[in-house]
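Chains here go by letter, A, B and C, matching the order in which they are written, and residues are numbered from 1 within each.
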Amino acid sequence: MNETLDKSNLNFRERVSEFVAGFGLPRLIIAAFLLLLFIAAPFVGADFWTQISNTINRFSWNAVMVLAMVPMIHSGCGLNFGLPLGIISGLLGATLSIELGFTGPMSFVMAIVIATPFAVILGAGYGWLLNKIKGGEMMIATYVGFSSVSFMCMMWLLLPYKSPTMVWGLAGKGLRTTISLEGFYDKVLAKILQIHIGNLSIPTGTLLFFALLAFGMWAFLHSKTGTAMTAVGSNPTFARAAGVNVDKMRLLSVILSTWLAAIGILVYEQGFGFVQLYMAPFYMALPAVSAILIGGATVNKATIPNVIIGTFLFQGIVTMTPTVMNSMIHMDMSEVIRVVVSQGMILYALTRKTEATK
Amino acid sequence: MKNNGNGKKVLNFLGNNSVPILFILICIVCIPVSGFSPSYLINEIVTRMGRNIFLILCLLIPIMAGMGLNFGMTLGAMAAELALILVSDWQIWGIPGVVLAMILSIPFSILLGALCGKILNMAKGREMITSYIISFFMNGVYQLIVLYMMGPIIPIKHTTVKLPRGYGIRNSVDLFHMRQCLDNLMAVRIGGVKVPVLTFLLIGLLCLFIIWFRKTKLGQDMRAVGQDMDVARDAGINVERTRIISIVMSTVLAGFGMVIYLQNMGNIATYSSHSQIGMFCIAALLVGGASVDKASIGNVFLGVILFHTMFIVAPKAGAIITGDSMIGEYFRVFVSYAVITIALIMYETKKRKARSRAGQQLQLAQQEEEAAANE
Amino acid sequence: MSKSRRLVIRICAVLVLVLIAACMMVIGRGHTVYFDNKTLEYDGNTYEAPYKITVIVKDENVAKLYVKERGQATNIGQNFTVSLRVMEEKNGDETTETYSFKLPYSMDGVVVNLPGLMAGLPEEAWISEFVSMIPEPATAEDEEVPSADEFEMDMGDEF
């Protein structure tokens, strides 16, 4: 009995040191920084539980979009800088669902339903393209995202939307830049089983929804197709020799990633309360990319815990720095810190020698 | 038979120059629709040529060294802005101000460029995405300096430059006393079109420099590195150093270019002037028919003319065709991004084809060798 | 090329650049010069302002100053030459005189009292620093600090 305990203890210690080694220095620094912020928060007059709630809230908004990174990293397509493409599908789903007259929770379900075919079609095209240009995925993904966003800018103006809640009041055509979701799916997930204790509020529904998707992703990665996908990412030559259709696996991963991005933006919108169109999706890929990297993922390896840790750390810093820094030194340096931390993290990941050889 | 060969030639020509041809078509359609007078158009294009060509030329050097499109040219733009902010706070006016800003931007550019080159050396094979992220990262650092350090640490005296809160730089810094001083000196009017001769002289000098530089030892080294890094290394070229030098040169030139650009604009948008400049310059270069691994001075000139003609006429033409002025605005943004996307895709597919061809050749050679050995 | 020679060339290049920069800082310093046609009291003496002074800088009439009026001109560098066409009485004769003097490097705005200048007094009598009377309006718009992540996509005619 004692022996087994010892053994498990040893195992635990080993696992801790392994964890630290795998965690990496930049992550450790960021985690320590966040911890410091949490400790400092009460001293500078910020309410601890409000801060925690804010962090958890923002976590729940963004986690799905970060999860969207996982499939493409697994199949060796690199970081999905083309996330805006999926976001566009989500936006199409959201606007069409409202246009077709759905309200309340139903509009959210319908938004997902409508977004899905768009995500599959766009994702398939995108995946096909990425298969043509293996090795240069990330740069092209970035610009595919940009092109699609700027293309949709024209479309939002030209498409014949009619719903008065969405179009410009005066012209009667062309979608507004922000559309309020009140009466549609504003906080529709967050309200499910929401917990309020004092200043602490937890959007249980959104978290559960994320947990469901994350579990689905986990299960998928452990299925036969999922392992084949991982094999494609870690060693394409070996995978091909084992009879796996590399291009098909990559295509599947891109579609999956695009679809998750579409769901991700819908979840984000229900938390945020607004649909943001036009240039808004432009730089949405970068926070998601840096979040998963902060969580311990690399350019070709990512797990579900990476997603959870990364989103929590990133969103924690994003929510905490403005309040804490502001009251500490009376300078709002949060923007600068956010940019330096997130972009620095991406740079770090891109320049790691081990990943540079594919 | 001969006809067929000619047809193929034409097809090849069209294929190789598809982007410029497409742009010529867009311009041909949009110019009459927009209804701008030719003299207005020519005036605008000449102004924009003077403003932008220098900046775009700086992209040629990293392409020579095989490092792709230097999205990190933004760093040079930041260096120039830092220099200009200081110069306008010191109240140095006119041409001396421009010269001083250029000189002052050199140390900043060298520092940033060397850093960028070092990082890019760690990320070989993915230079473009890395340089792109570097520009974002450095934008954060730039904000840290401009928004928080200018004032308390770097002395800034004038309230026309400084934010009223006592530190940080205003959203827009007026360069009134430097405005177009370079363009106006020696400016010549030809039939109502103002030609900034001095600016064009500077551009001409840079062109000559680039032509000369290609022939120097360092230029040859760079091309060798661009062709094949391993071969270059075997030939005794210090690959890492050559790559860093190419990025530093590009950054320094971008700094000069940005000074020229901003003296023409007449004010600095402190937090946004640099953010888009890289994208537009790269788009213009690609419109001129350049690719990721090959670009000439001719591409730069053609690109600027075509891209900016599109840029000027698109909003008006869009407004007339669709009845909404924003459509044209979005259209030209979309076109800029689409051009870059297409160029990147063409480059990667070409690279992949070349790689598989090389692989096949290697296989063939091996088979032959084996056959020879068997005999 | 030997290493030491290369080093020497490099140092020389840097020195030349620094020298040019220093020159530029001296010759490029911009000043705004304000001219006051105002009676000056100095050392117990009173120097009356004439009826009208026309200020000419670089062959250009920059101002016509009656009593108690102020005009301005800009100048790059410290050497400043100004021609004054003075009319002592209304409809009287005009006399033109040219004055050259040095502007102090540290002053952005230099106020020159013309009667003092014309009387040939020492410089500190008629040169003073211009201090803006209008306080900078601290508008909310100026305080607005741009965000970093959401770049503004103002690509209109800016480019």
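Note that a contact is a pair of C-beta atoms (placed from the backbone, for glycine too) under 8 Å apart; a residue touches a chain by one contact, two chains touch by 3 or more.
The model shown is predicted, which means the values in this text are computed figures rather than measured ones.
Undergrad: Give the label of the chain whose average Cα location is farthest from that of chain B.
TA: C
Undergrad: Using mean Cα positions, find the chain sitting nearest the overall protein centre.
TA: Smallest centre-to-centre distance to the global C-alpha mean: chain B.
Undergrad: Once you find the CA centre of chain B and the CA centre of chain C, what distance in Å lies between them?
TA: 38
Undergrad: Averaged over CA atoms, how far is the centre of chain A from the centre of chain C? Could you give it in whole Å?
TA: 57
Undergrad: Please work out the Cα centroid separation of chain A and chain B, and write it as a whole number of Å.
TA: About 32 Å, centre to centre.
Undergrad: Which chain A residues reach two or more other chains?
TA: Where chain A meets two or more other chains at a single residue, that happens at 286, 335-336, 338-339.
Undergrad: Of all the residues in chain B, which ones touch at least 2 other chains?
TA: Within chain B, the residues that touch at least two other chains are 139-140, 143, 147, 333.
Undergrad: Name the residues of chain C that each touch 2 or more other chains.
TA: Correct list: 145, 148, 151, 153.
Undergrad: Spell out the part of chain B that touches chain C in their complex, as residue ranges.
TA: Going by the criterion above, the answer is residues 48, 52, 90-97, 99-100, 103-104, 106, 139-140, 143, 147, 158-159, 163-165, 168, 170-171, 177, 265, 269, 271-272, 275-276, 280, 311, 329, 332-333.
Undergrad: Using the touch rule from the top, collect the residues of chain C that touch chain B in their complex.
TA: These residues of chain C touch chain B: 17, 20-21, 23-25, 27-31, 74, 76, 108, 136, 138, 142-146, 148, 151-156, 158-159.
Undergrad: What does chain A use to touch chain B in their complex?
TA: Against chain B, the touching part of chain A is residues 81, 129, 132-136, 138-140, 142-144, 146-147, 150-151, 153-154, 157-158, 174, 286, 331, 333, 335-336, 338-340, 343-344, 346-347, 350-351, 353, 356, 358.
Undergrad: Inside the complex, what are the residues of chain B that reach chain A?
TA: The contact residues of chain B facing chain A are 119, 122-126, 128-130, 132-134, 136-137, 139-141, 143-144, 147-148, 322, 324, 326-327, 330-331, 333-334, 336-338, 340-341, 344-345, 347-349, 351-352.
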